[in-house]
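Listed next: structures, encoded as structure tokens.
Here come two complexes built around chain A, the first alongside chain B, the second alongside chain C.
Moving on, here comes the complex of A and B:
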């Protein structure tokens, strides 16, 4: 067996040679690459015989390479190392497999959505549009207004609750709130929509569709996210800061407003931005509370509004004749949504970097 | 909490106002959650007491919700079966296999999946995934048809229960992998080094030190994923090709039971009167189901948080 290791000087990497493995030598470092290259070549040969699609191509290569490496290692290095190599291959392929949906999804949305990403899409609504043209002006503004209102409702409630939990709360009420906030994070979005519908139909009668009802539904989803993140951040504020303020005779509420919140502002901003990013793409609650319209309605207290996710949904499911123009618009709306969410995520990262508490004195 | 109460507590007006509003916000959350349950119950009563023939389907509200509940559970279970091993493997890859410098960046990439709106997953499922599953379904019908799950006839569009389950799996993958990653990263270095010092290979170290330590975290993460999968709406509404009232374990045909959430999303905009109340009753069933799953999941996750000593 020594001839396999003879050519490669650095084979005895100290961390990788536990005592029990002396049954065989170590395969040289490049073995796994070589085995997989061999597997690829074998599959390429197979491809000449029977035409394979990409998925099968990759699948066969991975399986063949893994099996070959396992067999080789089993013969040369013993059972335990072979098993270790097998698991490494499996885990790495699992990660590769998980990247397939992400990459294909982004590619698909960008390549199909780019077609209608033009000025008209941002400046026209769907009034009187049959077939080609038209845009999502009304839906873009509807989404901005409803999301803004949602933030307006959720941020104060969420922040105050977090302050209560960290600064004031004690005993059973605190435990109950913590638990229920956890439970609330798991409410299905459609149930939040039904709740808002039921609430507003008491006042406005059945069949009500209002922008503000959508905001209430989204708030049910957003508040727990804000509470959770704000709570984590407020807990991180060192107690010494609070105690220093108390020692100077500052009342508790001023301590919170002037000392605790400014210290935590970066983390709070990040949490809120991520919470907005979470609700901005929610479709189901808006579908049952806000509905859809082709005209521009910017008043959330008066009837149906259009929002980007619901717009995308209806353009895809009820495209009319001919369908391809509406489907193009749906993809562009989906692309806009993804861009919006990504931008919010980047902004959240920037906030946490810009407002990070300075460590120096 | 902070334990710094000056001995005769000075209660200024500002203090009282601030403490009061903070406490009020907390109580508001309790009220809202109670309100969600109360409104759903109140609004589903008309459907529960209505004569069976008036409810959509004509056989009463329970036989309307039954198949939907069945579909909901089937789709979520498929998602869980697919996503749990993958999520654990991804978490292991990121914590123990990937090169240190890459691991964090790759972690962000996995988290990106969690940020994508569910309707976009629906678009992807219907246009990208479903057509690519069709050859597999045809093959499965031919070679695995003796298993009831693959009895066929295979769908020509690929919009089957299995496709829907796979889309859901992709959506809950980031949840499972994020929570697993967290617990795997918390495994005490001493445990891992002890295993390695005894001559364990990397896999043996993971099996002996990492997995036992992280087990309850993985279970909790999977259950949170299950909760999300049960309530997922738009992806299913778009992907699944539905025929009302069916209950079948056949995963690859084009006649599938719908799920509660997807059914509400598709039916609600065109419904009125008793139909609305029936849909709300089905929403109540979904709410109760996810509530149970989430409470259990939280109990599991929190129990390990008490033990871990990480906080």
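Moving on, here comes the complex of A and C:
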């Protein structure tokens, strides 16, 4: 319901401009607000007659307001402006609709998770905790360690693959790799988990649970994302810069390291950060490869570890008696995950702004 | 040190497409050689094959000989990277490295090749190159600012400074002034007259007056019809080409009757 007629003189009748251009009249700027306020009042009256729920309340207001505004505008401003207003209403409604699940999700998680967002949650594990208290210290560090290891594995592999595809690859091999990366992008996360589990049970026997196995599983998910984003960014580096370096007698590999990568560093950093954000909340692969523990284990090469998503899963599905304390902890873990993803997104934005090309003019 | 280049029976291909055919020509040291001709007749392609930049495109290849002071540049044991160190290139669109400062752009040929050089020597080289490119006075107090903040004409002179900082023997320029205003164009033309004391210069241009003003030798490329390879129709002293060319096509082109 934004204003589409800003800055236009307010008149209510069609006018004839001296040059001969016909312009429709313009409704005052507050018209759309007034119309929707009127629609709201009308629906409130209807509410008195038949009790409406919130969803119907909003729906009726939107439809009534849109129709009224369209009719009014059609009569006063002409067809084109009326259509413009109609489309504006539809777009705004669609936007509002899209925001509903997002806002309600954030509201839900924050309101339920805030209760246990205390010092104890960050400093204690679940050792010896029955019922109240306890924390996710072990799960927070587990998530950081396993995600860090995942990035350590995925970034070199993904970056080098992207460099190969953009700078060296040609013909069949390039097409085959591109196809495989595409396929990998769509792999269900549980399949990645089962793959890593099967791989590690070859060496450590069935029932193996290791932090590093989780990192391998997450890498299967992260590598294609890194490849894709790095590939797009490297393609954006103008060919002229490569040619400028070649013409100075710089070998190809040095051109890539010293010219192409520095030019693309902002985009690469952003892509990698978003790829980390993509895997940090994965649950299924960690469930089968890393498992869960109540004690703190910070060694990814030795036995089970706790991670925030799996922690939340078990607190919710096996809360014990009484259940409410564990369920509170699950929500707080979920809240932390959302905060983590949000921080990563902010970092990605900062990176891309920090390394944006400067003109210095 | 300027060097002489002898090209014989050169055919240049993009995949199966022969873009340039049968070029035989000698380029004199310490002089400016201009290449003129209508668009698409292969001037850029020919220029890029002199310093082996042509082959960086997939499928692009060359047949024939390019000999610089007795050495075949396309010999089996010759590294194209070495060829490009000896034959520098300036492109149509100014292409300074956007992530580097003005200073670093000029020093790029040294730095990117990891050649060791004392800071004072490098400072001297940067200053000399910028002076040779007629840019020193304009940028001396902002050497550490990004190169992308310069005007188009300044950027192009920066690219020339960058190319001569590696002290090549030959300088190739592909329409170096076509994206520039008349003042910057004049600055670049003056520059070429100075640079030819030290370098062999080959320049592609669409501007007849420019070719007449700056060059000693002129070559006219032409295309008999679309899809056919471009050929070097006539090569002679600039004076002769512009006053009394042998070929009818050259005369037509120069007098503006086609192309």
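Operating definition for what follows: the second predicted complex is superposed on the first by the 284 of 361 C-alpha atoms of A that agree within 3 Å, B and C clash if a C-alpha of one lies under 4 Å from a C-alpha of the other, contacts with A are read in each partner's own complex, and residues count from 1 in each chain.
Here, a residue touches a chain if its C-beta (ideal position, glycine included) is under 8 Å from a C-beta of that chain, and two chains touch if they have at least 3 such contacts.
Keep in mind that this is a model prediction, so the values were computed, not measured.
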- [ ] Identify which of chain B and chain C touches the larger number of residues of chain A.
- [x] B
Open item on the list: Under the stated touch criterion, which partner chain does A:259 make contact with: chain B (first), chain C (second), both, or neither?
Closed with: second
Open item on the list: Quick check on the superposed pair: does A:238 touch chain B, chain C, both, or neither? Answer first, second, both or neither.
Closed with: second
TODO: Would you check which partner chain A:170 touches, where first means chain B only, second means chain C only, and both and neither mean what they say?
DONE: both
Open item on the list: In the overlaid three-chain picture, which partner chain does A:109 touch, first (chain B) or second (chain C), both, or neither?
Closed with: first
Open item on the list: With both complexes overlaid on chain A, does A:41 touch chain B (first), chain C (second), both or neither?
Closed with: neither
Task: Which of chain B and chain C A:250 touches, first, second, both or neither - done: second
- [ ] Using the superposition on chain A described above, determine whether A:287 touches chain B (first), chain C (second), both, or neither.
- [x] first
- [ ] Once the structures are superposed on A, label A:356 by its partner contacts, choosing first (chain B), second (chain C), both or neither.
- [x] neither
Open item on the list: Is A:75 touching anything from chain B or chain C once the two structures are fitted on A? First, second, both or neither.
Closed with: neither
- [ ] Find the residues of chain A that appear in the contact set with chain B and again in the contact set with chain C.
- [x] 170, 242-243, 246, 251, 254
Open item on the list: For a test of understanding, state which residues of chain B touch chain A in their complex under the given definition.
Closed with: 1-2, 4, 6, 10, 12, 14-15, 17-19, 21-30, 32-33, 35-36, 39-40, 42-43, 85-86, 89-90, 92-94, 97-98, 106, 109-110, 112-113, 115-121, 123-124, 126-129, 132, 135, 170, 173, 177, 196, 198-204, 206, 224, 227-228, 230-234, 238, 261, 264-265, 268-269, 272-273, 276, 279-280, 283, 286-287, 290-291, 293-295, 297-298
- [ ] Would you tell me which residues of chain C are touching chain A in their complex?
- [x] 51, 53, 56, 58, 81-82, 84-86, 88-89, 91, 93, 95-99, 108-109, 111-114, 145-146, 148-149, 159, 162-163, 166
Task: Of chain A, residues touching chain B in the complex - done: 15, 18-21, 53, 55, 80-81, 83-84, 87-88, 90-92, 94-95, 97-99, 101-102, 104-105, 108-109, 112, 156-161, 163-170, 173-174, 176-177, 179-192, 194-195, 198-199, 201, 206-207, 220, 223-224, 227, 239, 242-243, 246, 251-254, 256-257, 277-278, 280-284, 287-288, 291, 309, 312-313, 316-317, 330-331, 334, 337-338, 341-342, 345
Open item on the list: Help me check something: in the complex, which residues belonging to chain A touch chain C?
Closed with: 170, 238, 240-251, 254-255, 258-259, 262-263, 357-361
